[in-house]
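Multiple structures follow.
Paired with chain B in one complex and with chain C in the other, chain A is shared by the two complexes that follow.
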Partner chain A sequence: MGQGGSFNRLIEELMRLPGIGPKTAQRLAFFMLKMEAQEAKGIAQAIIDLKDKTRFCRICNNITEDEICGICSDAARDKKKVLVIEEPSNLLSLERTKEYKGLYHVLTGVLSPLDGIGPKDIKIDGLMQRLNNGNNVEEVIIATSPTIEGEATARYLSQLIRPTGIKTTRIAYGVPVGSDLEYADEATLIKALEGRREI
Partner chain B sequence: MHLRELRLRDFRNYTELYLSFKRGINILIGENAQGKTNLLEAIHFINTLQSFRTQEEKNLINTSAREAVISAAVEGGCGTKNISLFLDDKGKRVKVNNRKISRASEFLSETHVITFSPDDLFLIKDQPSERRRYFDRAILPHTPSYLKTINRYDKILQQRNHLLRDIRDRKKGAEKGLLAAWDDQLIEEGARVLLKRHNFVEEIRPFLEGIFKELSRGQKRLSIFYNSPIIPAAEGAVDADAVKKRFQDALQGASEEELRYGHTLIGPHRDDFQFILDDYDAKATFSQGQHRLAILALKLSETALYKQISGEYPILLLDDVFSELDEMRGEALIEQIINMDIEQVFITAAKKEGIPSERMGCSSFYLIREGTVSPI
Partner chain C sequence: MPLYKTEAIVIRTIKLGEADKIATLFTNELGKVRAVAKGVRRTKSRFGSALEPFTHINTGIFIKGSSSLYRMRDTGIIHSYHKIREDINKIAYGLYLLELVDRFLLEGDVNKGVFAFLKDTLDFLGEREDVKEIFILFGLHFLRLSGYQYKFDRCISCGDDPLIAFFSPHKGGLICNGCIRGEQRGMFPINKAVALYLNSVKNIDGMIIEPANTDIVNEAAEIIKGIFTEIIGRPLLTQEFINEIKG
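Moving on to the complex of A and B:
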């Protein structure tokens, strides 16, 4: 295209990112070209730091800069509850609610034979160690997504946890808050009916 | 419901067409390759967003054009629906009363047509998978969310089959204990599929038996059953919990065999729909003419069932029905359509002779020649 090699290389690299096609990559590259050198270097450094400094919490697999994440090391958190989720991004959504005060366990995936993902490929062993190591956990809340893979993972976990005698719960399914019943599909409505409760 | 207006631009061999139609029986007459079936296809397409002849939708665009447009005004219980559809090589865009439709499932409950095409004649003799696909599609207009149910069941099935193969081949990390995680879901969604199909067959059977009796002038008895080891055919109403329990038991009984084959052996994906003619499996005993009559009876039964459930008739499209029916059966068909008082029917035929037209007083006839349509 007549532009320099480093310019084209940046476009190629940006296109590796999810949701970025050639047009967006080109726009970003032109934008960065016009940026102050300081600013552009700031972006580059942030990416380098991300890779150098962040790692996964030894206990819950959340992202952290220390060996143990801020939530696991926070004395104020309720250590009797562990909430199991698929990805660290789910943790951010749950933390934003400021409702949940317990601990987390990030599985980093769900069971999916089609993708060759079995129990050893996600952090199930780590969860069982936490539960068996006398940490006095009283409740495990399983919050994997209501996809068939998330559901299968939830059921598998409940089988594994049952012998420990620890109470295992699954988050409720149902009609989204603020939406109209008319727009809910049959499967959602049936689940919502099954999960009804007295008021 | 009935089609009041149809406009085509560059759809198949029609470059420009505007037609208005009346209720009752509309007969489209024309020689081969003039555009009779194309016209039915356009009516089918605008009402279902699918062609009954091709998966390749760009084949629907006139070869000299880059885009096709169909628009239709359909009169029904909820007033007029103005549907417009724009098709090019990128796909189709649909609007109903100027509201954009982004998902096919959103469109499903808008209007309905039932179509007989000569391709349907294979239904009785074809593989069970074709019959399952046919009836699953027939159930959809009554329960649009059924599409989600079958897709979910299919996904669970694929996951479970893969796991069974992994266990059989002793892949690392694959153990029997993992099966239970998928079984509950297989049973839950599978029971939903089983019940929908079983109930559909129970509902359509009385119509099919009655209508076939009329069409064959009482010579033969035709019936239909849903064949599943989980729901015995003789049972009428079945309860969801009982179905789940039996599914579970059957799955347990088959577990060793499943691990040997690496495949799920129990469930709606193995079931079949069986046509019975005078107590025998129709697959073996049917003649060519009986096939045609049975499929026509099935289409009329679907039409009657839709009316019973939704309160109005779908539009009925019959492509080339008279060609293999003798005079007596052709008359019986027209009589049946008139007796049922179906709101609107489109029938194609090669020539006016052989159509029992004296029996159908207020029908409209159209002549189709090289992509033009004129009332006669």
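Moving on to the complex of A and C:
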């Protein structure tokens, strides 16, 4: 290709990232080449820090730099509610709403029978330990995606939690805000009708 | 490139890039195909939930450029079979059926008989509670439609009506105690009541199954799974899930 070894190596490393093909990797590499050295080092250091300092919260599996994340250690959070999500990125989306004040549990995945991913492959045991350890949880809100995998996970969890007597709820399904009813599909409309409420 | 309009059942999808998916579809007209759905993961995508496994859709597929994958467009839901999604047992057995179809059929294999039977089975799986019976019925008819004709009434070697027997997926049916010789690998014991039950279900024309003793149904379901394991060479991934949700 004519460029130096370190340039090619950067392209190859960038291509490991999701959604980055050879052309995008090359464009990013040229962009970094033109950057101030300090800026480029800042990116490199951020990646090193991420790998050295970040870990999963011992309680909820959220990403954190401490043993316990900021949400689990926040005394102001409602400890009677635990919201179950698939990935830490879901937590960021929910926190942006500023509506939910309870705790979380990140499963770090979802049951996917067609891919051979079963209950032992995700953090279900940790959730059950939290619920069985006298933490006075009164409600578990299951917020897995409305896909077949998310649904299988939600149904499986509700089956496991039922004997504890803890109230288990599932987030509502429906028509996305700002969308057009005309384009909503049959499955979404059925769920939206089932989940209707009085106004 | 021509646009093929076809009915299809969604078997599975995998993510592609930022917003796309590759769907494995079992189509009525072109058999099993893989097709790219552009932008399907965006909230406001017109695909909506059309690419969820089990969904019976109408779609248009075409080849673009030199790609080996089809592209999907103009996709609408005919039936979402949403009731399957409300029961973990139905999800597990339903996914087993989809994995079975995925494993057995090669890309481009057209099998309109299996397509029609899968559609009916998913319908019944959503509406009825006798999940294992539906599974057994599908399994036996799927085997027949795929060219496997098993005998459950007599020993395939001597033709006798055996009291105690083994079942051999590779030899095609029951083998009585008198005829069993040497290697028994790949065979499993089967009792007469279960063999009779499987024989009666095999001969059913339709989807109505007479109620049977739970132990017989459970054992018959295990025999069907055993047959598929032997034919494929290993258990299906969804079988492990079925075992795990039983607790």
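By definition in this document, the second predicted complex is superposed on the first by the 199 of 199 C-alpha atoms of A that agree within 3 Å, B and C clash if a C-alpha of one lies under 4 Å from a C-alpha of the other, contacts with A are read in each partner's own complex, and residues count from 1 in each chain.
One rule holds in what follows: contacts are C-beta pairs under 8 Å (C-beta built on N, C-alpha and C of every residue); 3 or more make two chains touch, one makes a residue touch a chain.
Computed from a predicted model, the values in this text were never measured in an experiment.
Once chain A of one complex is fitted onto chain A of the other, the partner contacts of A:K191 are limited to chain C, with no touch recorded for chain B. By the touch criterion defined above, A:G42 lies against neither chain B nor chain C after alignment on the C-alpha atoms of chain A. Of the two partner chains, both chain B and chain C are touched by A:I148. Chain A is touched at more residues by one of its partners, and among chain B and chain C that partner is C. Once the two complexes are laid over each other on the shared chain, residue contacts for A:P119 go to chain B and to chain C alike. In the superposed model, A:G70 makes contact with neither chain B nor chain C. Of the two partner chains placed by superposition, A:P22 touches none, neither chain B nor chain C. Applying the stated touch rule to the two superposed structures, the overlap between the chain B and chain C interfaces on chain A comprises residues 111, 113-114, 118-120, 148, 151-152, 155-156, 159, 185-187. Within the complex formed with chain A, the chain B residues making contact are 143, 145-146, 148-149, 152, 155-156, 158-160, 162-163, 166, 172-174, 177-178, 180-182, 184-185.
The residues of chain C lying in touch with chain A in their complex are 12, 17-18, 43-44, 46, 48-50, 52-55, 76-77, 79-80, 82, 85-88, 91-92, 95-96, 98-99, 237-238, 240-241, 244-245. The residues of chain A lying in touch with chain B in their complex are 111-114, 118-121, 148-149, 151-153, 155-156, 159, 185-187.
Only residues 19, 111, 113-116, 118-120, 146-148, 151-152, 155-156, 159, 176, 178-179, 183-188, 190-191 of chain A touch chain C when the two sit together in their complex.
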